[in-house]
Amino acid sequence: MLSTECELLSNQLVAPDHYVMQILAPEIARASLPGQFVHLRIPRTMDPLLRRPLSVMLADKVHGHLRLLVRAAGRGTEIIVALPSGASVDLLGPLGSPFPMPDEIDGGSDKDVLLVAGGVGVAPLVCLADAMRSLDDTPYIRSMFGASTEDMLVCWTELAARSDEFSVATEDGSAGEEGLITEVLAGQLERGHARVVYGCGPAAMMAEVARMSAEAGVPCYCSFEQRMGCGVGACLSCAIGAAGGGYLRVCKDGPVFNAEQVDWEAIRDE
Amino acid sequence: MSEACPDLSVRIGSLVLPNPVMTASGTFGYGLEYADICDLSRLGAVVIKAATVAPRVGNRPPRIVETAAGMLNAIGLQNPGADAIIAEKLPELAGFGVPIIANLAGECVDDYVLLADKFAACGHVAALELNISCPNVEGGMAFGVCPEMTAELVGSVRAITDLPLITKLSPNVTDITEIAVAAVTAGSDALSMINTLLGMSIDVRRRRPLLGNATGGLSGPAIRPVAVRCVWQVYDVVDVPIIGSGGIMCVEDALEFIMAGASAVAIGTANFVNPLAGTEILDGLVDYCQSNGIKDISEIVGVAHG
Amino acid sequence: MSEACPDLSVRIGSLVLPNPVMTASGTFGYGLEYADICDLSRLGAVVIKAATVAPRVGNRPPRIVETAAGMLNAIGLQNPGADAIIAEKLPELAGFGVPIIANLAGECVDDYVLLADKFAACGHVAALELNISCPNVEGGMAFGVCPEMTAELVGSVRAITDLPLITKLSPNVTDITEIAVAAVTAGSDALSMINTLLGMSIDVRRRRPLLGNATGGLSGPAIRPVAVRCVWQVYDVVDVPIIGSGGIMCVEDALEFIMAGASAVAIGTANFVNPLAGTEILDGLVDYCQSNGIKDISEIVGVAHG
Amino acid sequence: MLSTECELLSNQLVAPDHYVMQILAPEIARASLPGQFVHLRIPRTMDPLLRRPLSVMLADKVHGHLRLLVRAAGRGTEIIVALPSGASVDLLGPLGSPFPMPDEIDGGSDKDVLLVAGGVGVAPLVCLADAMRSLDDTPYIRSMFGASTEDMLVCWTELAARSDEFSVATEDGSAGEEGLITEVLAGQLERGHARVVYGCGPAAMMAEVARMSAEAGVPCYCSFEQRMGCGVGACLSCAIGAAGGGYLRVCKDGPVFNAEQVDWEAIRDE
């Protein structure tokens, strides 16, 4: 874990309200694993005051670049995405527990890996796909990406380029299947050839992904979001309901959890 | 300009801390979470997250929301309970050689007495901080807003331990000096102030409170003027050391509290913004003393009172 | 989505204001200072700077200091006295056709009664706001922190005037609902909250308080969570309209207060940042109602209570 | 009085901690008079929250440019001077009461006008000198500029170019006379040919300028500073002691006052 002031190399609008930020952060890039995040703040201002958690979409360990995909979701991220290239950002990271690699999961090594992305949830899955491609024993990667409309399939090429198969669903049918990405997932699970499902997206989507995976008897790992204070496990701000009662810390115990660990009811009610 | 190393040590009852920069309860976990980024051994003390007798799961999320130059939290005293803390956290933290202050939260006088007993017995803590001011649990502020109850509580704990006692005061009162005097008269060796201000934030889109617990505690730079005022007022009426907290982000902020009357400072929300805030503020204090010819930090405690 | 113009009118006792956006006392002078940049006639009301019986020169400078997302002020009720205000300011302000609310500050019950009498007699004011909560004068908060005194004061003024009475509450109390209930029981037609939080700031370089008056009142976005919490608490215990204030900068902030239980809002510090804040917030409320199918703003007053 | 969002055209470091900012603000440039100020804030941030008062150093009415000289004196101005060119600034102005022109002052039209600047106090005097040069009956302008050291004689060429005579004093003797600028003023006043003295600089300097002018029987106008809230006369934040007791508002009654109007004792004590 490092806290460093870094240069924002570029900041590009890639879809309405969505930006890809490239940041020079060699140590963090080298250390980061898929599913981990950085806790970002703008130095020397109190507006916003706190850091904002952002998943690492790509860590270029050679050049020391981090690539983040940022959606302007509120006051803080609006100020962040407005930063000009050349600006300073302060990063704390890499933080959190990464996705387990397929070989760490008991699921049948001949089977496929399914990646299900919704919206900016694509970011950690790009990172995961990237890492899986450089494994000795690269799995067959089937990726699915859902969004409301074509525009919102942000950075889909990044995911597609790292997948063996890639499907898309949009709610308005402007690209790929018309409907929810979980319908695409249903088809994939039916094929009975899935070893593990990795998901990241809106809570409702992930809940459905988890439910379907459980039904199909396939292990499922999802990356979660919660409002954060410290990002390092100290403040207990980032609680989400645990399956057995009590709470888990998204920043430290997660952000990636086995779908069986979390209390989906509580998450939906929040 | 003197280049000699200034004396930054602070006395709290029988305890002498190496320097006046500590972490505020609940913002630094059990210290361990920050161990690989912050040199814990340099801190004046680590005040751990509030301990209760039984484990507590805490409040339903969301538990935090950023506000203008501040944040609201409603953690709800989540902790594994005193026994687990003593068994699983303190030995490791003690290994870093930093003084440990336990922050105690109870629902009745007996809870505090029991907690004090447990922590005194464990041998790892240097002082006890009585949290009579947490706004995030039902009835959690009852002690802190009433001088008589404050006195009873402090007196009862005082009776069973020789550990230095710190009482942590709430700013959510009409007259904080009244509570301060009650705590000191009942035997508190020091006062810690301020805990958070009671606040809330509404999610306009969803038309309901943003925090799962509806209300929460406001901390951060936004509350600093209130905190400095509390220290200023209380310094005039008590003779024990004050540990100031509330929005301290940098060395100038720490100096503001010291000049208002604080003998030590506790760094809270700033840890989230900058995990090195504590040690950087300590470095800043050393610099300040050296470049202003201050040999002992106590020279400037309360100096703004003229 | 309804495009019809929503009903924004607000009733305060016998008074009906055209809309819920007013200016907060002391932050908009006598309205006239802003007349050439802001269309005064669009405001729900202008609450003028506190009036006292005799002229007051105010506190020694500095009277203001910026703090994190807020500011401290210690103006000290500078004003030319009620008679001069009535003679020299109100006729011109009345010419703009905006309802005028006089903010009254006294040292004793008789002062308030006399002030109420004068302003009622002048014919230019639509309501009276009893400022029992100004932290910047010696004893200026005595009424606002004590339910019995609040009741006596409100009752005495109630007895001599039919003008709508608004009581402005201080957040610097242990339990604001107690004071609120006292004021309403004694005849207050509405409550205004919150006045500033008592705070202070120290000039580290000069080692003394920054404000000439040492302490001052904290306002601005920093205090919004405290203000929203006060409105939220009081809404549950009274049946009169609440005028919310404390760090309202934009329409979302105004909606936060309305959803917490405020029937109207007062814009304070925001006027300094953006002299058009009031009218922009009004425009924003109209937009919000239209795009959310709200026909009468009262539909969302207190809606966050569920 | 206008409130407008304007473009920062350029922002140049001219001395340690001192910047000249050029802003496109046609209406304000056209309306502003020497001694008036703008109340500046950075849009869309709450850090800093309030506006900061800054004197107009030059108003180019043809191109609609305002030039400000800004010293990074604290947190707010530090953030302001760090703005890149192209940034937006929000200006409220022009505000305050301007310097009276020499012909409005009873002082003998054949005599000289004395300008005494200290530090960034040079800004409104540049504006004043500029305006006097385009009067039908241009007075003879003798300007004096004092600073601690040569470096701090910021924008001296701007003042010198608009003066008939120009002298300098530095406390360390690195430029001009060694000593205080008031010693230079003493010599000028002794010549007995001064019609009016205009001053702007640190309070102690202005107090001395006022005392000397009064002794010499020459009218004296100074521009004052005080922490401000509204800038338009509404909040009574910007009080300075008045000679007859009570207070004056720097933003509305000033910032320019006849030296006889103010309570110099009170100002010094503050």
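Each chain carries a letter (A, B, C and D) given by its place in the written order, and its residues are counted from 1.
Everything below uses one rule, namely that a contact is a pair of C-beta atoms (placed from the backbone, for glycine too) under 8 Å apart; a residue touches a chain by one contact, two chains touch by 3 or more.
Please read these numbers as outputs of a predicted model, since none were measured by experiment.
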item: Chains contacting each of chain A and chain B, listed by label; value: C, D
item: Contact-richer chain pair [B-D vs C-D]; value: C-D
item: From chain A, the most remote chain by mean C-alpha position; value: D
item: Whole-Å gap between the CA centroids of chain A and chain D; value: 55
item: Length of the line joining the C-alpha centres of chain B and chain D, rounded to whole Å; value: 47
item: Centre-to-centre distance between chain D and chain C (centres being mean Cα positions), rounded to whole Å; value: 36
item: For chain A, residues that touch 2 or more chains besides their own; value: 46-47
item: Per-residue overlap in chain C, given as positions that touch at least 2 other chains; value: 68-70, 220-221
item: Category of the chain touch graph - line, ring, star, complete, other; value: complete
item: Interfacial residue positions of chain A with respect to chain D in the complex; value: 44-47, 79, 84
item: Parts of chain B lying in touch with chain D, wherever the complex brings them together; value: 68-69
item: In the complex, chain C residues that touch chain B; value: 67-70, 72, 145, 172-174, 197-202, 204, 207-209, 214-216, 218, 220-226, 228-229, 232, 247, 252, 255-256, 259-260, 300, 303-304, 306
item: In the complex, chain D residues that touch chain C; value: 1-3, 41, 46-51, 76, 90, 92, 226-241, 245-247, 252, 266, 270
item: Partner chain D, residues of chain C touching it in the complex; value: 26-29, 33-34, 36-37, 49, 57-58, 60-66, 68-71, 73, 75, 78, 212, 220-221, 249, 269, 271-276
